[in-house]
Amino acid sequence: MVPLSWYLVLAAFVFSCGLYGALVRRNAIAVLMGIELMLNGVNINLVAFWRYGDIIDKATQQVVRLDGQIFALFVIAVAAAEAAVGLALIISIYRNRKTVSLDQMDLLKG
Amino acid sequence: MQGFLNLAWLVPVPTFLAFAAIVLFANRNKTVSALIAIGGAVLSFLLSWPIAFSAFTADHFGQHPVEAQLFSIPTGTSDLWIGYQVDPANALMLFMSSFLLVMIFIYASGYMTFPAHLSPATYPIAAAQGKDPRYSRFMAYISLFATGMMGLVVSNSLLTFFIFWEIMGLCSYLLIGFWYEKKSAQAASIKAFMTTRVGDVFMLVGLMFLYIHSQSGNLLFSDILSAENLHHLATLSVTVPLINVTVPWVAPIAILIFFGTVGKSAQFPLHVWLPDAMEGPTPVSAMIHAATMVSAGVFLLVRMFPLFATAGEVAPGTMHFVAFIGAFTALFASTIAIAQWDIKRVLAYSTISQLGYMVAAIGIGAYVPALFHLITHAFFKALLFLGSGSVIHGVEHGLHHVHEHGHHDEPAPGGEHGGKEGHTPTEAAGHGHTGLVIHRKDGDLNLEDPQDMRNMGGLLSRMPRTGWTFIIGGLALSGFPLTAGFWSKDEILGNAWGGGNTLVFGALVISAFLTAFYTARQIGLTFLGKPRTEMAKHAPESVPSMTWPLILITPFALLLGFIGTPWGNWIEGFMEPYIEHLEFHALHVEFSFIPMLVSIVVAVGGLVAGYYVYGQGLAEGQVDPLRNWLGPLWLVFHNKYWIDEFYKGTVVAFSHWLSKVLYWFDDLWVIDPIVDGIGQLGVWLARLAAEFDRLVVDGLVNLAGWLSNRAGGILRNTQDGQVQVYLLLLVVSMTVWLLLKALPIFLKLV
Amino acid sequence: MEIWSSGLTHLLTGLGLPETAAVIIALAIGAFVLANVGPVLALVLILLLRKVISRMQDRIGPNRVGPFGLLQTVADALKLLSKEDIRPANADAVAYFLAPILSVFGVILSLGVMAVAPGWIGVDLNVGVLFLTALGSIGIMSALMAGWSSNNKYALLAGFRVVAQLLSYEIPMVLAMFVPVLLVGSMRLGALSAAQSLTIFGFNTGLGWFGFLMPGAFLIYFISALAEGEQTPFDLLEAESELIAGFHIEYSGMKFAMFFLAQFLNSFFLGAIAVMLFLGGYQGPFVDQIPLLGFVYFVIKAFGVYLLTIWIKGTFPRIRVDQMMAFAWKVLVPLVLALILWQMIALKLPGATLDPVTGDVLQYGFLNYIAVFAGNLVVLGVVSNVLMNHFKREKMRTKRAFEPKSLIGVMQPSSGD
Amino acid sequence: MDIIQQLFPLPPIPTLQQAVFIPLALFTAVCALLVVLSPNLFHNALALVGTLFGVAGIYALLEAEFLAISQILVYVWSISTLITFAIMLSRGMMFGATSKTNKQAGTAIDGIVVIGFIGWCNFVSARSKLDVSIAVA
């Protein structure tokens, strides 16, 4: 049996990697990839907690709750939508401004 | 047929639509404009005659006249009702005006050729078409004018009556001044407008008093002329200021409303505008001074007769005043008419005189004969005016002919010619006629004036149709036995005689004689004898669109009188039920042969005398024979008793003086300086306030803005638009927060 | 298989190995066997293709190497393997090497869930159908990697084209696969195969193929599978006359052989999946008595489908890329969505026998089957009609292309156009 | 020393699942690092695919097979393809760039390390039953 904490450490690591990517990469697509990594880290957490949580009905020995999986599925769906929209935006910006560098996307600067 | 009566409200609509259509859509095309205008008038006519005849043929129509409200306009505490009414009086008016309007419209479409006083170079297109440059506008104006007349006839309240009355006033102003290039036309239009306005103001005051003191709270004829209301007005007394006489309210109201008639129908003190109004195109003269507008004044009296009759009962002076004004005007105008040279001017004074007849008839209580004479007079006066227009037209054409063929001895005037002699030297000079005017003591003569009867003569052979119709009209006007004018005039004389109004009778008889005399003079000078000028020699007959209306009106001028013969008085039978319906009794006199004989004698006598004097026309340059016999009196007549000059010396001069004083008071020394001073003070205060505003208020506002700007400038550095920086801020904040939370652990561990 | 693997495990534990190691070794042996099935199978498939195509084209085909040319493909494979391995100078090394491996890897993985006979299944995953679908992603990644890493713009464009094609046809294919899944209520391939039995008078004829009940779904699946396997008429990847060889243009030798292998195996396995889902799987007469017969049936059916694809390859013309995409998005996707919707409605119609306790469906009624069949017939009719019209039009166009120019404006379209 | 032992305890002997988990987790972690550290954007994307596969494996290990397949279907099929397409369609824009990362890298690493350390402490403290747990969110 793998301890829960191992999963959590892995999730934290993946999340941290994603956070680093989202924070420091200059390429917008790379930032998007970082965000996907963060979402995956979160998903590992969700599924692990689901697996180790109170999900077994003691009487019938059946899985009664699927919250974690459902949440993870939601996250996947949202990630898919976000990736589609985000990449469409990036391509659109690239066509207009010939760059996907976030440093140069500062039209809203104060 | 009765169903037609409820369509009465539609009668003014076609002409109004024609007006709108011409103004909005058709004003570029003269032919279309004329067609629209005539179409409107014909539609109106086609509505009017069935209405009139269904009224004529209905049994006891006078006892159940048709009256209905169309809609109301809420005004304050009461409503303004708009509606229509058909009763015997306005059925007759519909019969008369709609027909005459159609005739006049058709006549006008032919008459409005390119006017002589304009330069063809200025209006090349109109000159090429041979039409007046403002032809479409003219058609629109007369359509609106017809709307006013028809609306006035069918309206059922005094207020709408007054509104249409004023529409006609406006149109008469526009039409008299239609040829505003002529100084004289401008002056005449203003004069007409101002003079009638005097009467209208009195009338409006009367209307207000009537409204205030009526029980009904509105101005519907059916309400204000009801017996109770009139009784109420008769019992309500008022003390007239200045003269301190206590009279019932009905008397001042009647007098004030009568002043409206005085203005509109050109009775004695306010008659001066009408002769000058001949400056307008002749169809306008026919319309204003024969068929419609001046009739409207008398129609008002007929309409309001119960009021006058009540006033006459409780304050007999009212009716005496009306009768006096009418009789005096009749006599006075006819004396002037015998000494005029202008063909239209004679007719104008004749009109005034005949309107005096009608007013006098109202004054003596002869309500039916007044309307009877109004109807017949409208026909034959329209005929005469249209005929005179045809004559003028022909003579003008003769003048053109002379110019073109060089028959004339004198040098042709450049540019403008024709027109007529000015009233004042300024006006004459303004038209460049000085070289042609021969100064004579019996009136200056302009040899190219197509309206001056001295330039005519012998036109009967040149213009037979115009001539004969004119002669028939003239006979009707002078009351030649069996013509229309004879019967109606005889009715009035008979009523005057039978009612014992000897003075009125006398004045009217003299006036009738003079009428016959000047009619004979006019016919003689114009149509008989030999042509006195080249242009009269070459005058052609007018176009069919002008002569046919003449021919069509002629039967009415001849035969219409037979509806009111003393032996079979249809019109009385038609009208009396109505007045009895209103619980009044018209004057009813026994038939007497004396007034009829007197009437025949004066009419035939006047005609014979006139023919005797003028039958062979005048020789060229001959002085009017009458002048030799009357001496200075003739000059008095010719100069219209100098009333114009009198007005100029008194009223106009006073107005000028008053305006000068007021100008001095207002503009120069008192009011304006005060206003200017206040203004200066305001400016000074404003400057002070501006300084305060600029220094203190603006300073504060700018300070606030500056502070915001600086604060924003500092804070904007944190908003560099890069999402990752925001994200990092989030992470760092999170870190700091976690560190703070974790501090206890580290403390415990260490 | 379970018996064999458990027996092997017992054997190994008996030899003194710890249980963990024994299980791992047993699994590894099974995986090794399965992985070697693939290349051997490919040799057969390629030979079959060459033979059949040459017969269709009135040729003889390979006949020199070995008896009847049976060893021809072996010789070709050896030649390819012995070729020099070339790598373009500016290629992205990692991706360049990974791409062919991944392509084969993804294809062979699908062997693990194939139900080839009653009880013969590597892993009877409860999401077996989804798993098969998901494996396609590896193929896509490999195509993209190959296209990108070759540092060749034609390869990259071809990679794009392939990915676009695979993505487009993946959707109707997966949805068509779900039509039988909806009916059975399970994504296990074993269960799907087992459900296609047809018992008549107590005897299982094994003819309850979903292909009979759902011809529309089967047709859509088959068309999409042709596209997924990059077979004619959707073989734009191989359109040498129009493109150069495709995303693997820069590959040679063994790496190229791996792509080649992956493609043949893929088309065969798609046929095998069709067999499992629609053509009864291992079902057939006497399968219950002799399980080995199921394997025979399965192999025969799979090769039958493969021969069908070869037949199509030999007869149909290639279609344009825009026609291909339009067909997927404008015809197949809407139709299959409508079909699934109708399927759901049809299965909810009254007539089914329900479990009295749980309320689950035990047996669908006659009405449900009729409704499903009717809906599928409609879809079949529409798809066939579209295809017929297309090919008729193509025929007319081809005919006109060879006619004298002076007649072009004169000719009227035929009545069927 | 006691504290250090508690904070960084020795690992126990792995079971079969652990034996599967450890290489899978290492693969996933390395791929995740590659995603953010590799300078080649395409390699980033490939590493992302690897990470996603690894995570799918983790799901399978957690007995969430459906989720694992969904992960592959959605992420690898769709999102990775999209990302790769986006990279290829906007390729060339990063050539010649001085740095793949922006100037806030150091700060970010500091923050992340601190968060990770605190998380580690939290996790270990919960495990070592020290009464030092903090309610993080």
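By letter and in written order, the chains are A, B, C and D; residue numbering begins at 1 in each of them.
Here, a residue touches a chain if its C-beta (ideal position, glycine included) is under 8 Å from a C-beta of that chain, and two chains touch if they have at least 3 such contacts.
Not measured: the values here are computed from a predicted model.
Colleague: Once you count every C-beta pair in contact for both, which comes out on top, B-D or A-D?
Modeller: A-D
Colleague: Take the average of all CA coordinates in chain B, do the same for chain D, and state the distance between these two points in whole angstrom.
Modeller: Comparing mean C-alpha positions, chain D is 103 Å from chain B.
Colleague: For chain A versus chain D, what separation do you get between their C-alpha means, in angstrom?
Modeller: Measuring from centre to centre gives 10 Å for this pair.
Colleague: Distance-wise, how many Å sit between the C-alpha centres of chain A and chain C, to the nearest whole number?
Modeller: Distance between chain centres: 33 Å.
Colleague: Multi-chain contacts in chain B: which residues touch at least two other chains?
Modeller: Counting only residues that touch two or more other chains, chain B contributes 724, 728, 731.
Colleague: Give the residues of chain A touching no fewer than two other chains, as numbers and ranges.
Modeller: 19, 23-24, 102-103 - these are the residues of chain A that touch more than one other chain.
Colleague: Could you list which residues of chain D touch at least two other chains?
Modeller: Only 15, 66, 70, 85, 102, 104, 108, 112, 115 qualify.
Colleague: May I ask you to sort the chain touch graph into line, ring, star, complete or other?
Modeller: Topology of the interface graph: other, matching no listed pattern.
Colleague: What are all the chain pairs that meet the touch criterion?
Modeller: Every pair of chains meeting the touch criterion: A-B, A-D, B-D, C-D.
Colleague: Within the complex, which stretch of chain A touches chain D?
Modeller: Per the touch definition, chain A meets chain D at residues 1-2, 5-10, 12-14, 16-21, 23-27, 29-30, 32-34, 36-37, 40, 43-44, 47-48, 50-51, 69, 72-73, 76-77, 79-80, 83-84, 87, 90-91, 94, 98-103.
Colleague: Please give the residue numbers of chain D that touch chain B in the complex, ascending.
Modeller: Where chain D meets chain B, its residues are 3, 102, 104, 107-108, 110-112, 114-115, 118, 121, 125, 132, 134-136.
Colleague: Using the touch definition up top, name the residues of chain A that touch chain B in the complex.
Modeller: 19, 22-24, 31, 102-103, 105-110
Colleague: Enumerate the contact residues on chain C facing chain D in the complex.
Modeller: 20, 23, 92, 94-95, 98, 125-127, 130-131, 133-134, 136-138, 140-141, 144-145, 148-149, 156, 160, 163, 167, 170
Colleague: Given the complex with chain D, which residues does chain B contribute to the contact?
Modeller: 724-725, 728, 731-732, 734-735, 738-739, 741-742, 744-745, 748-749
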